[in-house]
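The structures come next, written out as structure tokens.
Next come two complexes built around chain A: one with chain B, the other with chain C.
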Partner chain A sequence: MMNKMKNWLEVRIGLDELVTTFVTEQRVSKNINIFNTLGTVAFVGYMIQVISGIALVMYYIPHADHAFRSVQDIMTKVPYGWLFRQMHVVGSNLLIAAVLLHLATIFLMGNYKRPRELTWVGGVLMLIITLAFGLSGYLLPWTQLSYWATTVVTSVPTAFPVIGDFLTRLLRGGDYVSGITLSRFFALHVSILPPLFLILMVIHIALIRRIGLSGTPFGRSDDEKRPLTTYKKKTHPDGYPYYPYLFQKQALMVVGYFIVMFAIITFAPSFYFPEEATVPADPLKTPESIRPEWYLLAPYQMLKLIPNKFLGISLLIILMGVFIFWPFLDKQKEKNIFQRPVLRSVFIVIIITLLILTWWGKR
Partner chain B sequence: MKRIVLVLLMLFITGSVVFGDYREEFEKGFLTKTWSGEQPAENFCIECHSSDRMKPELLTIAEEWKASWHAQHKIACHDCHGGDPKDASLAMSPHRGFVGKPTPAEVPDFCGKCHLGIVKQYWDSGHGKAFRASGKGPHCITCHGSHNTQKAHIDIINEQLCSKCHSYDRARTMKQALFLTEKKITELEADLDRLKSEGVFVDDETKNLFSVQAEFRTLFHSIDVDLIKNRTDDFSAKISVVDGSIKNYFKELQYRRNFSAFILLIFAGLGTTLYLFTKTPKE
Partner chain C sequence: MKRRDLLKALVGVFGTVSFASFAYPLVRFLAPSGSASDEKKIVLSKLEIPVGGSKVVLFNDKPAIVINRPGKGFIAMSKVCTHLGCLVEYVKDRNMLICPCHAGTFDLEGNVLSGPPPKPLLKLPLRVEGEQIIVG
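Entry: the complex of A and B
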């Protein structure tokens, strides 16, 4: 029976060939390390968000009068609703951390360099969409925390002259965060961002498959030395087989991701639910202390510190542009950041600045 | 590429110079003010009672009120005294229902505007009857104070206060009758706070307990020991409903903790196995 089924599938989808191509015969570089698994970790993180999100959306009511209560019902009445919500909330924060770490390691290893420029651009765009997922999802529980954090973040575009107010009104659907904003953010969260993200993810993975896994965490390979005029897939004929070598590393990191997630759910279940997150949104009452989510604290604090608002927002956009198109700006052939003291220093300064701004914004 | 960067830089610098004074909504709403604390509405009562023009004996009122249970629940000056706190000329206008300092005879009904059940119990009690008959006797302020009113607590019934007018024996008996129920209510309040801090939504239970507590507190004012003893069972039954619900929440939280710890252990085991596999030499 099993053989029959296997044969049936083999005729139609070529299962053996798929396994051979992607698992048994695929070889990876011998100097591949655990940082090369972060993309897989992020992918699994997204899958957790999709599955838990589908479970939540079955009970969530995207209406200002019912949103808060429906989330509380998910937490208290829906069987295992608390587990799905905790996984979704904790998962969203871990996912952003994993994606940031993934980008930072790709940057450090110089793996954004040709022919992987578009893979990098796609990755950064996926990070931006992930942040948009975070921002739009944050409002949905309709708590004091989510309401006022969204008010703060949606105020940012008003720094733009002429079109600033229009942009903010477009986001909010009015002068203030209201039920209309909730509907817009819900639509964004469940029906606009997912297909956009899916398209980018397919392109990202297709590019990785086409170009091949980078085998040069440090140092320069043959591919990078020559001018890139023809397509050549990166292969590692002398490398280790993907299975079990890299697969085990990926599985270990994914399990590590789950361990961190369930450690937070077990030992600090209210870590992401401060007092304001348990109180329904009240547009007439500003809580004692309110700020955006942790991953938006650095830009938020930067905007607060720069007295000229246009300068602040322009600087933010320029930095974002440099970040997205960095592979096209960095013309140095050397991939090893340890051989590039200027870039290394800039990287360290940026990381320290981001940490300081985040800490400052949190205070 | 250099040209594009140069053009962008020029646009950026020109924009910054041209819009250098751009302020408006952004500064108003986001950057110049911190997003912390409620923006206080203009209140002329507080303003005058904190100014140098005020008589010294009336200067402390605003500060006393700020420390009160009323202030914590957004009950402001005009909620009791009337008047319009947003308009200096009408702040003390009798047309806006302003009553400055009520006479002792007016005090029970002054507070009773909001504390309806309590004022009824009070007028029917020995205290109320004595006060109505002679104009002397304890009223709200005698036990609770005026502006620095704190959350009502069973310890307001104490020997020092009661013995000002009569012996403490009867009050002690009453306090003993109230004690267990009051203690239970205080414990349940603490439990609800713990549940809230763990992210559990206990709005219904909080409302139920508040309702029982408010009803129970009206009973304090009857100063009728027999009535209190007779009604204690009613209150115990009501409290046990809330108590049951709270206990279930704690059980549920414990179950959740055990369940997620179990999953955590599975992943920890899986992680250890995988780690050992990765350390096994290959080929």
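Entry: the complex of A and C
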């Protein structure tokens, strides 16, 4: 039966050649490591979000009068609704962690450098869309936490003169967060962001295939210790085969991702659900403790510390711009961060600052 | 003018007009202009708010607070923090209004005391007529 199916596919799509090209003859650098699997982990994380999101949308009602109740019903009445909601919520947090870790390792290995600048820019844009997924999805349960966190986030553009109020009304669909905001955030979450993300993902993967998998600048000899000056697809003729060498690493990390996700769901089911996330939205009462998710705590605390709103938000945008276009700003040819003490020190200072701001924001 | 150039110009002009005639309604559709609802006055009894007390009301569908300040009389202000739109809370013991989101504080005139709010709370017109407080 299996052979018949294989033959059927072989005749129509040239299955053997596909497997040979993409699996058995595909070679990867000998010094590739476990951190090179994080892109795949993020990809699987997105798939989990898509599948659990489609399941949730079957029961969720995007209306201010019903949204909270429908989410409660998903958690308590729909068979295994709790599982899909938990997978979606825990998965979104783990996904952002995986993407951040992926970007950090790409940064450390200098793999944003020529010819991979566009791959980096696409990756950061995907991170921004992932955060937009998080923000738009945050409002959907229509809880106190989601309502007021969204009020704060949608107020951010008001720092800008002339267009600020317009942008805020564009996001909210009115002067305040209301049922209209819920509808448009739902539209954003399920019908605007997914195709945008899909386009970026296709471009990202196409670029990786076109340019070739990079190695690491550490350890064994690597011709990418100095960036290329002409287009040449990176190949690893003397490297290890993709299957099983890198594939098994990827499989291990994906399994690890699932283990962490299900460990949180099983042993800390309320980890991502503080008290305000279980109370229906009340537009007349801001809760005493209103904090964004962990990945936004650092910018949140920064906004708190900088007395001028325009200055604070402008600084955030500038930092984001530097992050996106970093490959074009970093003119040094050396990829190995261990040979670059200044960059290494800056990276450590940034990480420590982010950790302190996150811890401070959490208090 | 060559026919090809004319064609290019026509495509450019009609293309721009078509785009604009689609883009403008889309922008207006997505970002309706601010609500221009008629101001509705709110009438409260002085007895509802003892000295040092407060009452939260909806003024034109927006949360507002009326405070009876010791020695200074009544004042009405918007509850919407001028920083990022959370609602301030009146803390009687400390004679101030505090925003729970980013810890901005305001005095009972609505002026910023500390924190990131860029401007004072919006003051609402208020007058006292006999035993009545009229906001708006």
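Methods note: the second predicted complex is superposed on the first by the 348 of 363 C-alpha atoms of A that agree within 3 Å, B and C clash if a C-alpha of one lies under 4 Å from a C-alpha of the other, contacts with A are read in each partner's own complex, and residues count from 1 in each chain.
Here is the rule we use: a contact is a pair of C-beta atoms (placed from the backbone, for glycine too) under 8 Å apart; a residue touches a chain by one contact, two chains touch by 3 or more.
Just so it is clear, the model here is predicted, and its values are computed rather than measured.
Colleague: Could you check whether chain B and chain C clash or fit when both are placed on chain A?
Modeller: clash
Colleague: Examine A:174 and indicate which partner it touches, taking first as chain B and second as chain C; both and neither are also allowed.
Modeller: second
Colleague: Go through the superposed model and pick first if A:50 touches only chain B, second if only chain C, both, or neither.
Modeller: A:50 contacts neither chain B nor chain C.
Colleague: In the superposed model, which partner reaches more residues of chain A, chain B or chain C?
Modeller: So, of the two partners, B touches more residues of chain A.
Colleague: Using the superposition on chain A described above, determine whether A:148 touches chain B (first), chain C (second), both, or neither.
Modeller: After superposing on A, A:148 lies in contact with both chain B and chain C.
Colleague: Kindly classify A:324 by the partners it touches after superposition: chain B alone (first), chain C alone (second), both, or neither?
Modeller: Neither partner.
Colleague: A:83 in the overlay: touching chain B, chain C, both, or neither? Say first, second, both or neither.
Modeller: A:83 contacts chain B only, not chain C.
Colleague: One more residue to check, A:240. First (chain B), second (chain C), both or neither?
Modeller: Once the two structures are laid over each other on A, A:240 reaches chain B alone.
Colleague: Contacts for A:314 in the overlay, against chain B (first) and chain C (second): which applies, first, second, both or neither?
Modeller: Only chain B; A:314 stays clear of chain C.
Colleague: Does chain B (first) or chain C (second) touch A:248, or do both, or does neither?
Modeller: First partner only.
Colleague: Report for A:256: first if it touches chain B alone, second if chain C alone, otherwise both or neither.
Modeller: So A:256 only meets chain B here.
Colleague: Shared contact residues on chain A, chain B side and chain C side combined as an intersection?
Modeller: On chain A, the residues that contact chain B in one structure and chain C in the other are 148, 152, 155-156, 158-159, 165, 285-286, 288-290, 303-304, 308-310.
Colleague: Which residues, counting only chain B, touch chain A once they are in their complex?
Modeller: 1, 8, 12, 15-16, 19-20, 22-27, 29-31, 35-39, 196-201, 203, 249, 252-253, 256-257, 259-261, 263-264, 267-268, 270-271, 274-275, 277-278, 282-283
Colleague: Would you mind writing out the residues of chain A in touch with chain C in their complex?
Modeller: Interface residues on chain A, with respect to chain C: 148, 151-152, 154-156, 158-159, 165-167, 169-170, 173-176, 184, 283-290, 303-304, 306-310, 312.
Colleague: In their complex, what parts of chain C are in touch with chain A?
Modeller: The touching residues are 30-35, 56, 58, 62-63, 83-89, 99-103, 115-118.
Colleague: Please output the residues of chain A touching chain B within their complex, sorted ascending.
Modeller: 72, 75-76, 82-83, 86, 148, 152, 155-156, 158-159, 161, 164-165, 240, 244-245, 248-249, 251-252, 255-256, 258-259, 262-263, 265-266, 269-270, 273, 275, 277-278, 285-286, 288-291, 303-304, 308-311, 314, 318, 328-329
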